[in-house]
Amino acid sequence: MPLTSQPIDTSIYATITAAIRSEASRLFTAAEVVAIIGYAAARRVGSAQPVIITDAAAAETLIFTEACVNNLAVYLTKAKKEIPKKGKIGIIVKGCDLKALVGLMGESQLKREDLYLIGIPCAGVLASAVQPATTLTTETIASKCCECDVHLPLGCDFVPSVTLPPGPQMESRYSEEIARLEALTPAERWAYWKEQFAKCIKCYACRQICPFCFCEQCLCDRNKPQMVETTPRPAGNTAWHIVRAMHLAGRCAGCAECERVCPMDIPLNLLNRKMAKELKELYDYEAGFEINDKGPLTMFTEKDDQSFIK
Amino acid sequence: MKKLLDYSYYPGCSLHASASEYDLSTRELFKALGIGLTEVPDWFCCGATPAHNVDELLSLSLCAKNLELADKVEGDMAVACASCFSRLKTAQHVLGVSEVKRKQVEKAIDAPVKLDSNVKHLLEILAKDLGLERLAAAVNKPLSGLKVACYYGCLLTRPADVPNLDCAEAPTIMEKVIEAVGAETVAWTHRLECCGANFTLSRPGVVIQLTNAVLESAKAAGADCIMVGCPLCHGNLDIRQKEIEGVYNTSYGLPVFYLTQLIGISVGLGADKLGLDAMMVNPMPLLKEKGLL
Amino acid sequence: MTKKKMIISQETMDVDFVRKVEALAGTSVRSCFQCGKCSAGCPMATFMEHPPNRIMRLLQLGQWQRVLAGRSIWYCVSCETCTTRCPNTVDLASIMDALRKLSWDSDGASKESYVQLANKLFLQNIRTYGRQYEMRLAAVFNVKSGQFLKDLMLGPKLIAKGKLKVFHSKNKNMSEIEKIFTRIEEMRKKGVAL
Amino acid sequence: MSRIGVFICHCGENISRTVDVERVAEEVGRLPGVAFSTDYKYMCSDPGQTLVKKAIQEQKLSHVVVAACSPRMHEKTFRKAVEAAGLNPFLCEMANIREHCSWVHENREEATVKAIDIVGMMVERVKKNRILPTITVPVTKRALVIGGGIAGIQAALDIADCGHEVILVEREPSIGGHMAQLSETFPTLDCSQCIMTPKMVDVANHPKIKLYTYSEIELVEGYIGNFQVTIKKKARSVDEDKCTGCGVCMTKCPQKKIPNKFDQNIGMRTAIYVPFPQAVPNTPVIDRDNCTWFKTGKCGVCQKVCGPGAIDFEQQDTLIVEAVGAIVVSTGFDLYTIAEKPKGSPIKGYGEFGHGKIPDVIDGMTFERLASASGPTGGKILRPSDGKEPKQIVFIQCVGSRAREKGISYCSKVCCMYTAKHTMLYHHKVHDGQAYVFFMDARTPGKSYDEFWRRSIEEEEAVYIRGMVSRLYQKGDKIVVMGNDISVGVQVEIEADMVVLATAIQPQKGADALAQKLGISYDKYHFYSEAHAKLRPVECATAGIYLAGACQGPKDIPETVSQASAAAAKVMTLFSRDQMEREPIVARVREAGCVGCFACKKVCAYGAVEEKEIRDRQGNLIKIVAYVNPGVCAGCGTCQATCPSKSVELDGYTDEQIIAMIEAL
Amino acid sequence: MHSENQKHDFEPKIIAFVCTWCTYAGADLAGTSRMQYPSNVRVLKFPCTGRIDPVFILKAFQQGADGVLVSGCHPGDCHYIAGNFHARRRFAAFRKLLEFIGVDLGRLAFSWVSAAEGGKWVEVVTDLTEKVRAMGPMVEFKDLALEEQWSGVINTPELQEAYDAI
């Protein structure tokens, strides 16, 4: 059901920017952190980019706007060796980003006590296809924000005290698309995904950006044995995306960075959301809400569904 | 009184004839308890024992047809007769287990088989849906001092996993219900033995022998009366009691009540609303003696 | 017949009949291990020439003629005690039903049985009236079974108590019941139902 | 380049009848890497094995594939042969062309094609096989025995007599188990106590046996040769070192009416008690639930009368850790009861027998206590309800056993014999009484067993009635038994004074929980599973754990004792070496790839995955990775399937080997 | 029973991933009992279903399998305590993913077959073989393997022409 475009109130973002700047400055002055990962303005008007600052003076460069789409959690995994490990690291997190951090803590990749979490009450960010200076509306908003259930991140060390204005009703883009695909025949679905995967050029941007693809040696790069064909041909592409979705099942919390960075516009998060939906139905598990020792695929109960097993 | 619960009501053939007092007392009691009963429109005979005895497919088809008819009325299906109850439950069980039979039945009734409807005996409605507490709260005239032998017979509980009313070997539901309205129950040995049921027409000799054992056991246990939930048992215990006394040269004088009659008395319904005059063994002296009339 | 020696061979053990019984009853004949618990609790065992466990045994040996020749199956009162207590979950009551059905279909000796007659009238009544009509059932039964005076004393008393209705309320949806009977007959004719 | 030798077995005609073995040998011989391929009548025979060995040497083979029967049958045989010829045994694989091919297909062409495929798959697999060195682990030469019934006692004595230390753990206050409860034993009718108590004393006095009674297993860690077991010693409230066993405390205890479980609750005991006079150790225990001191804080009589001052109300449960190399599980059995079972339980009670509410319907063990000279009636057979001597006694066999409908379909094995014994004991004690037995079959295999059963009928005049009982009910002070004699084909009714039910043997309650602690498997009834029903009947599939007695399945005493000695022999075999070898099918971590997410650790049921720090030369922590303890790893490979980067690999089942097989298709 | 004279147009390739303790042993039992079943199945032995990686299933389809069976010990019977429980979850999720991608789940079967269930093994293998036979060959992955990049869409006449000219 397409809704007419309605504006979304982002007036609080200015207050938030001010609050994180003063908090960042305070943190450096009090020597509570050695670095802060946040967003700063980029060259194009209205755009933003990730930044790592290490002193109070740089605190003034921090911003939060509707263009702050990146999930900064990824800098704590792959790039973490770049940040001198001399103390706490501060990080600016939206609700969706926090879910990734929670997952990484459950998988022994991060420790809560090593981090200073600056939470952002978030009304939504822009979709990747939209020009940076656009106003945020129900049309220009990122798909992941349409179905967001964590506008206000919980359990952070600091959250700017602002009141989130009530937002307009939004369509559930992923759920609707999943439902549409589920209603198709297997052959129709196969045709759909075949076309999508055919586009893939195996640039692995999805892997690079994903906070959960933290393996040092990816299974899909191995050649002895070659579990997954590495060439960017349809067979290898399909295998890669299946393996990727399976590896993220029960872990991915839906920051949708993979989809955002995909140069070929493959709807990657759709696979992740589908798996999340299935695991919720099967095991009542939702990733990212609490630090769990075990994920849905590393635990079991004796009473698990086995209706599919003869 | 506001209606608490609503059911579709399947009286069965006997309740329209030899067990009319069961029908009458059920309707009156449920009205008094605020339970709604809507008779299944144009119900058929369930086929009873004769049908399943010689023609299972017919038996299953008749039951399936009745389940379909009952589906048109809102609410679970309330069944008074233990035999009808047993047949309907068995049909649901068999049709759930055997796909072959289900397909045959669907052909015979030319409609899909409904397996999900809840078929409930009156006892179940009183003990579980209404609940013993609410039942007890409705009592105006507790049956104190009345010693009741609860007679289950065969079809209410057997076989173990089909009617699922209560434990097949040691049921307590009847005792619980009648104790809730103030009566005493006796522990006796023949509450689950067969009375001969459907042989009443064809082999009365057998019936007399089996029923006598039941009466004898109830009497020996010190019961004042017997309570039943089945018109067939009632037929044998009540209608034939005089004859049995003759054959065995003894005297029992045990009134045989339907559960709805006894509970009806306890909630204060009059004899005319419970069809007590239709009982062959006159209950009046006993009821007067216990101060219940 | 009952005293005749059993000649056991693959030819004399009629497995097909037993399979038919199993299909109708939805239970296994072979599961019985002859513990006799069914016969121990059977209220009718004393009336039967073959107690229930022996009927199972004869079926296991494929000796159905011996089963159907006797009256045992027509003395079963369908109380389900055997089924309830069988340690091997054999649904004996259903086997009895199946045997009666097969006997009913064939021209077995026990067709003369009063029980048969009562059953037949019962089913006829359903077909004609949709519901049971006890007065007619009893009256016709007595006439057909030649026991004109049976339960003579009961009738008037029952009528007085309103227990036997001389006039019967017919079901308004009679065509439906006839259709069910006809459809079943047709299915049997076509051989798609037992 | 590999030089693979392929050996196709005819298995007499078992394979060659449906599979064209010559064609298989020929086609497989053309596969790249196959240097030698042949077929032979019986590859597992001595000449067959010699053929393999010779070929390895003459053809300088690097790998071997034997296409024959199931590897479950002969993998060990051929790996040994290959080893004898100088190759690492794990460079040999078997292709199953008998069970999975020649025996299940009739069409010769289809079977041959399939056999070629199967062998081809194994050829590709074996190319990727690596030399696996045998793993050796040290052996701690101390044994743990769980359960102090006759099985545990026998096993403990055998192992201790061989000079090894034994830890014997018993849940109850005394060892002895069910055998101590029995009156006489079949088929010799010797008194159970007379043969049992000396063994109990032997245990108590044995210098190599450390006895923990009133104790339970809390935690089991480690693996064969190296278990660490945490034992919870429950607070006895009596200092074992000070107590002299004089028994004054028991005579003075005011709480005297507590049903004694040892006497099947028909006899009474005090709150401070030993379960029976011959208990080992002869140290009482305070039943805190029934003790006045623990309930009200008043009384303390036992403390006042105890000369040595052994009563200690303050005692706490203590945890003790013991290191052992082997474990014998001998937790025994429990008796099925006819009582109503909770809804949803797979086991049902006997409503038709009154759900255990008829007082004079008792079970066999209760009859044992009645018949026992040291029992609550001093050996007199008396009814629990009114203390009268029953003149008509009915025994019913197979109650719960062989009753699929009740949820138990097995035969409890000992009931036929003990019921025969009961009829004899009854006849000896009640001369004018009559015993009746309802039974289905009399199962009496065993030395002198059938003679014993016949004696109960022919000499002791028990009346056996073939047929199950349908119903029992109380009528006055009699119990009506509704039975049936199927030989006659007539119903039987007996008005009995007492009914004794031979109820089924079930595993001890909590058997499943203990199994989970031990990591051993059990069947749907919770009887413990042996590694192989015929060839490894006393070993668990989990290495280093052995079974003795009825915890594995219903057994009589001689069989239990045999199994206990067998388990002890297995333990002693293990203890005969300082180190033991084990199959090197274990997981290994590739540290370079491991990022320490520990998904492997989360799924490992054995706790074999540990955390390991990788440091540089200066000692700075680089990363934490997973480490698989090869002694603990059982080799299931769940870790590898779970690891996202496949940085843990199961030797013998590596991804390379499996992908090679899939790609061969 | 698989009769010798029966000829089919299509013989599906079935790959079975089984655990060694239960299903492999069950298949052995089917053999020792001389039960008969279609010869289409190729068995890969694993120590435990817990070892079976979803990638193997994918690989099997890519290698031309028309049907895949995964079979292990019944719940509670796992030789390795809980491997089958982990496998149960893993494959519950994986089959949903494959279904979403467009794989017909009729081609992917899961079963518990114990060492004592030779008959069940025969039944499971026969059922899957016949089902897959009726469905026809699994062409999806095979087609993919033959395709080159971008081959999916040639939608302009110019491109088509140019392509034909090559």
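Think of it as A, B, C, D and E in the order they're written, each chain with its own count starting at 1.
Note that in this section a contact is a pair of C-beta atoms (placed from the backbone, for glycine too) under 8 Å apart; a residue touches a chain by one contact, two chains touch by 3 or more.
Just so we're clear, the structure is a prediction, and the values are computed from it rather than from any experiment.
Chains that touch both chain A and chain D are the following: E. Note on connectivity: the fewest chain-to-chain touch steps from chain A to chain C number 2.
Inter-chain contacts peak for the pair B-C. Among the remaining chains, B is positioned farthest from chain E, on the basis of C-alpha centroids. The chain occupying the central position, as judged from C-alpha centroids, is D. Of all chains, the one whose Cα centroid sits at the greatest distance from that of chain A is C. One inter-chain figure worth recording: chain B and chain C are separated by 23 Å, centre to centre, where each centre is the mean of the chain's CA atoms. Chain geometry summary: the mean Cα position of chain C and that of chain E are 50 Å apart. For the pair chain B and chain D, the distance between C-alpha centroids works out to 51 Å.
Shown for chain B are the residues that touch two or more other chains, namely 160, 168-169. Counting only residues that touch two or more partner chains, chain D has 352, 405, 603, 642, 655, 659. Within chain C, contacts with two or more other chains are made by residues 81, 85. Contact annotation for chain pairs lists A-D, A-E, B-C, B-D, C-D, D-E, with touch applied as defined. Residues 160, 167-170, 189 of chain B are the ones touching chain D in the complex. Interface residues of chain D facing chain E in the complex, by the touch rule stated above, are 70-73, 96, 98-101, 103-107, 110-111, 113-114, 117-118, 121, 516, 519, 521-522, 524, 541, 585, 603, 605-606, 634-638, 640-642, 650, 653, 655, 658-659, 661-663, 665. The residues of chain D lying in touch with chain A in their complex are 128, 592-593, 595-599, 602-603, 624, 642, 644-647, 655-656, 659-660. Those residues of chain C lying in contact with chain B across their complex are 23-24, 26, 43-44, 47, 75, 77-81, 83-85, 91, 93-94, 96-98, 100-101, 104, 113-119, 122-123, 125-126, 130-135, 137-138, 141, 145, 150-151, 154, 157-158, 161-165, 169, 171-173, 176-177, 179-181, 183-184, 187, 192-194.
Residues 340, 350-352, 354-355, 405, 473-475, 480 of chain D are the ones that touch chain B when the two sit in their complex.
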